[in-house]
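Below: a set of structures, written as structure tokens.
In the two complexes that follow, chain A is the common piece, with chain B as its partner first and chain C second.
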Partner chain A sequence: MNPFLEIKNVSYSYMKNTAQQVNAVNNVSLGIDRGEMVGIIGHTGSGKSTLVSLFNGLLKPSLGTVYVDGKDIWENKETLRESRFNVGLCFQYPEYQLFEETVRKDIAFGPKNMKLDDAEIERRVLRAAELAGVKPKHLDVSPFDISGGEKRRAAIAGVMAMEPDMLVLDEPAAGLDPRGRSDLIEMIKQYRERTGSAVVLVSHSMEDIARATERVIVINNGEIALDGSVDYVFAHEEELKSMGLNIPEVTKVFHRLKELGFDVPPDVYSVDRAVDILTSLAERRKSDGK
Partner chain B sequence: MREKLIEIKNVSYSYYTDGEEEATASPALSDINLDIFKGEFVAVLGHNGSGKSTLAKLCNAIFEPSTGTVTVDGITSDSEENGDAIRRKVGMVFQNPDNQIVATIVEDDVAFGPENLGVDPAEIRRRVDSALKDVNMYDMRDREPHNLSGGQKQRVAIAGVIAMQTECIVLDEPTAMLDPMGRAEVMNTIKRMNKEMGITVILVTHFMEEAVQADRVIVMDSGRIIADDTPSNIFSDIEMLKAHSLSVPEPTELCLRLGIKETVLDTDSCVRAISSYLGGDMT
Partner chain C sequence: MVSDITFGQYYHGNSVLHRADPRIKLILTFAMIIVIFLCKNFFSLGLLAAFIILVTLLSKVPVRMILKSIKPVLIILAFTAILNIFYTHGGRTYFEWWKIAVTEKGVNTAVFTIIRIIILVVMSSLLTYTTTPTMLTDGLERILSPLKIFHIKVSSLAMMMTLALRFIPTLIEEIERIMNAQKARGADLESGGLITRAKALVPIFIPLMVSAFRRAYELALAMTCRCYTDGNGRTRMKQMKLKITDYVMLILCIAITAGVIVLNIFFEKVI
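This part shows the complex of A and B:
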């Protein structure tokens, strides 16, 4: 079966055919299945935001083809329109794009564009608000009267209300405090479990990527540098560093301990798991008389 | 003796909209007392809405306190004129690199501040060159800012403050929008400014790994200062930090939860502490 999203030999250049031409995406091919939870990492300017803008036709590839649900999205107006609804894109600081009189109207903007009837729009607004953690009492207030974190959730709900088969979030937790960040990442994991929608998470936080995703795609110089499981990608510490990236701090500690000869696994991404492993290792070593 | 640079005395601050009485608005800051000393590197932590950005904006007289006084190097921020004088001493760098670059060429952007201060052109040239060298952006002095990475843009913004020869720089979440390398570049620049050039640094951040690099950490919640101490004392109190929506760096949390007494703040000391916890190294 074909993947839900399939990108074949896609390139994209800014300022094409000028002296300043920048090849932001270079001959990239990749597929993402329905229901997958994928992380995309890459330094600023690596081409990752350009890449995700190609997923639903916000940008037109200079070369190559993008298929959503088996259809070439650039085939005609209808396929392009469908791809916009099937792949929901939520950009960095999406709360800057809130504009309606009430939160409810803002969330309804996407479904309204889909020409759904009022009852269906209402159903979707309530469901998306619930999924995104927008408080019911906030639905009828102005989006400018709620806090920054609440605005962020309202904006994300607006994309969820289109009920896309794939939700793409570019740095959804940027600028949030540690609690806000972990709550938001948890909300996204829940969203994926409850809806079965594919989720693509673009982030500079290696901790969030390790915690939330199952597959990681690393973009460097407009190309896919690594693509595999979280374990596979974060085993490449030196390569990631050379690309301006990193691995989670706790994982780094385990890599160092392993280098020192301790019998610890390399694939540890959470402090909880680290504590379990080290406590039982300490007990084992004690009982071995070491 | 340590010399005070910024003195915040009984300061409260309220945002209020037209028509709303000042007294009814909930205060962003309540009765803050705080001294910042010359040459210090102070990190300010707090969840979104805790009042830390408001505090930052009081330090360089973008805001005047609703009640109480803010004094910078003997100047009180209670008039336009004094505000100008304070901003010559305390510069500010904001979160979004794209909102604070004004010129179309890197070196022109750095020159913007000193030009506004009426500095002599030859002196501006000298200051711009030296500030760009301080932030390692001299080789890119004739680039267009929009072609730079986020970390490079933030370093240009910092150079702009250095070129004004301020005594203190306040940075409000300068790395929130940057990738890991950009964050490291900016942090290295901040530390160099502080240690080598003696510039006082106030860093507002959500990244605990950045706060551990300061000399002193201030924790805010609901417009009040909750804690004010060294990084090792602050980060040994996970419960306090979590109660205020904050966290501790992963290596620190790991060692604390293993019952390791010493507070570790970085990966290297964490590895050393765990080696001895496990009964010495293997070699």
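This part shows the complex of A and C:
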């Protein structure tokens, strides 16, 4: 069976045919299945945002084809429109796109554009607000009167309300404090578990990617450099370094410990897990009498 | 796309024109625009055209860029040409049909007006091609500084202008970003009648205003933090001093103006 989203030999250049032409995406092919949870990482300017803007036809590929649900999205106006609703794209700093009088109305903007009836719109707004963690008491206040983190959630809810088969989030945790970050990542994981929708998470943060996703795509200079499981990608520490990326600090510590001959696993991505492993290691050594 | 619009287009270079004093460039451009309208026959206009070609060559701005600046006024050119050909009558008749007549005077006027407009456009775009927006406002500030005696805060005005110019590309980028975000939520900006389209702009316009105000506040705060009060008494990093080349340009322009006046007197009026 074909993957839900399939892009074939896609390239995209900004300011094509001028002196300042930038080849942001070069001959990329990839497929993402229904329900998959994928992380996309890459250095600043590597073309991540450009790549995801091709997923729902916000940008038209200079070369190559994008298929959503088996259909070429650029075939006609209708397929393009459908792709916007099937692939929900949420940009970096989405809070700056809020515009309605109330949060409720703003979340309803997407479903309204889908020409759904009022009851369905209302149902979707409530569900999306709940999924994104928008507090019910905030639904009827102006989106400009809530805090930055709450705005972010309201904006994400606005995309979730379209109930897309695939949700793409570009740097959803940018500019949040560590607590806000982990809460948001947790929310996204929950969203995927509860709705079964595919999720693509674009991020700089290896920690976030490791915590939330199963498959990681590494983009470098507009090309796919690595594509595979989290373990597979993080095992390529040197390659990642040459692309200006770093694996999580804890993971580095564990790789080093292993080199030194300690019996530790290489796939440690979070501090919590590290603490567990190290305590049990220490206890074992104590009981060994060393 | 929105980003195709170029404002205050500056073309990087290091020609005589690029290095010239912005005050002189501003004043001379202004003066020569008036001279365009002093031209009364093809001889004086030809002299001016030759002058513009010389200046273009000196500026080292590629011809392609010059043509690009003429492109937006092509419609206006076509329109004036048609109006002049059909509505100005006199001299020999080349062509007549029903109530429409094409005469010598009509054709001459059309050609004359077209050349005038082209010179006008090329001249003003040469100014923006060779002068950065900051230099322009600096120059303008200095030229307008005598207005201080009327209690007009020239330095604040100049600062506002500099900031406005600085933020045009930022706002264009912002518009593009907001448009993409709303399109991703299925906003349809391209179809429907006038009212539907106007309504479709609301989701773009409101976030744009909000972010423009936010930026303005942040900028004001940042400027206050660095002790900006108003421009009075500020000294400049780049001092403006007239150089030999500036005087040469001034003299050249005076000579051209004199030439235009002389040619106007000696040859028959066309327009």
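Please note the rule applied: the second predicted complex is superposed on the first by the 282 of 290 C-alpha atoms of A that agree within 3 Å, B and C clash if a C-alpha of one lies under 4 Å from a C-alpha of the other, contacts with A are read in each partner's own complex, and residues count from 1 in each chain.
Just so we're on the same page, a residue touches a chain if its C-beta (ideal position, glycine included) is under 8 Å from a C-beta of that chain, and two chains touch if they have at least 3 such contacts.
In this text the structure is predicted, and so the values were computed from the model without any measurement.
Asker: Kindly classify A:Phe262 by the partners it touches after superposition: chain B alone (first), chain C alone (second), both, or neither?
Answerer: Only chain B; A:Phe262 stays clear of chain C.
Asker: One more residue to check, A:Arg179. First (chain B), second (chain C), both or neither?
Answerer: first
Asker: Taking the superposition on A as described, I'd like to know which of chain B and chain C A:Ala235 touches: first, second, both or neither.
Answerer: In the superposed model, A:Ala235 contacts neither chain B nor chain C.
Asker: In the superposed arrangement, does chain B or chain C reach more residues of chain A?
Answerer: B
Asker: Have a look at where A:Val275 lands relative to chain B and chain C in the superposition and call it first, second, both or neither.
Answerer: In the superposition, A:Val275 contacts chain B only.
Asker: A:Val159 in the overlay: touching chain B, chain C, both, or neither? Say first, second, both or neither.
Answerer: second
Asker: Tell me which partner A:Met187 touches in the superposition: chain B (first), chain C (second), both or neither.
Answerer: A:Met187: touches no partner chain.
Asker: Just which bits of chain A does chain B share with chain C as contact spots?
Answerer: In chain A, no position sits in both the chain B and chain C interfaces.
Asker: Under the touch definition given earlier, write down the residues of chain C that touch chain A in their complex.
Answerer: 177-178, 180-188, 202-203, 206-207, 210-211
Asker: Once bound in the complex, which stretches of chain B touch chain A?
Answerer: Chain B residues touching chain A: 46-50, 95, 149-151, 173, 176-183, 206, 208-209, 242, 245-247, 249-251, 253-254, 257-258, 267, 270-271, 274-275, 277-279, 281-283.
Asker: Enumerate the contact residues on chain A facing chain C in the complex.
Answerer: 53, 56, 58, 81, 84-85, 88-91, 94, 96-99, 109-110, 113-114, 144, 158-159, 162
Asker: Touching residues of chain A toward chain B in the complex: what are they?
Answerer: Chain A residues touching chain B: 42-45, 92, 147-149, 171, 174-182, 204, 206-207, 244-246, 248-250, 252-253, 256-257, 260-262, 271, 274-275, 278-279, 281-282, 285-286, 290.
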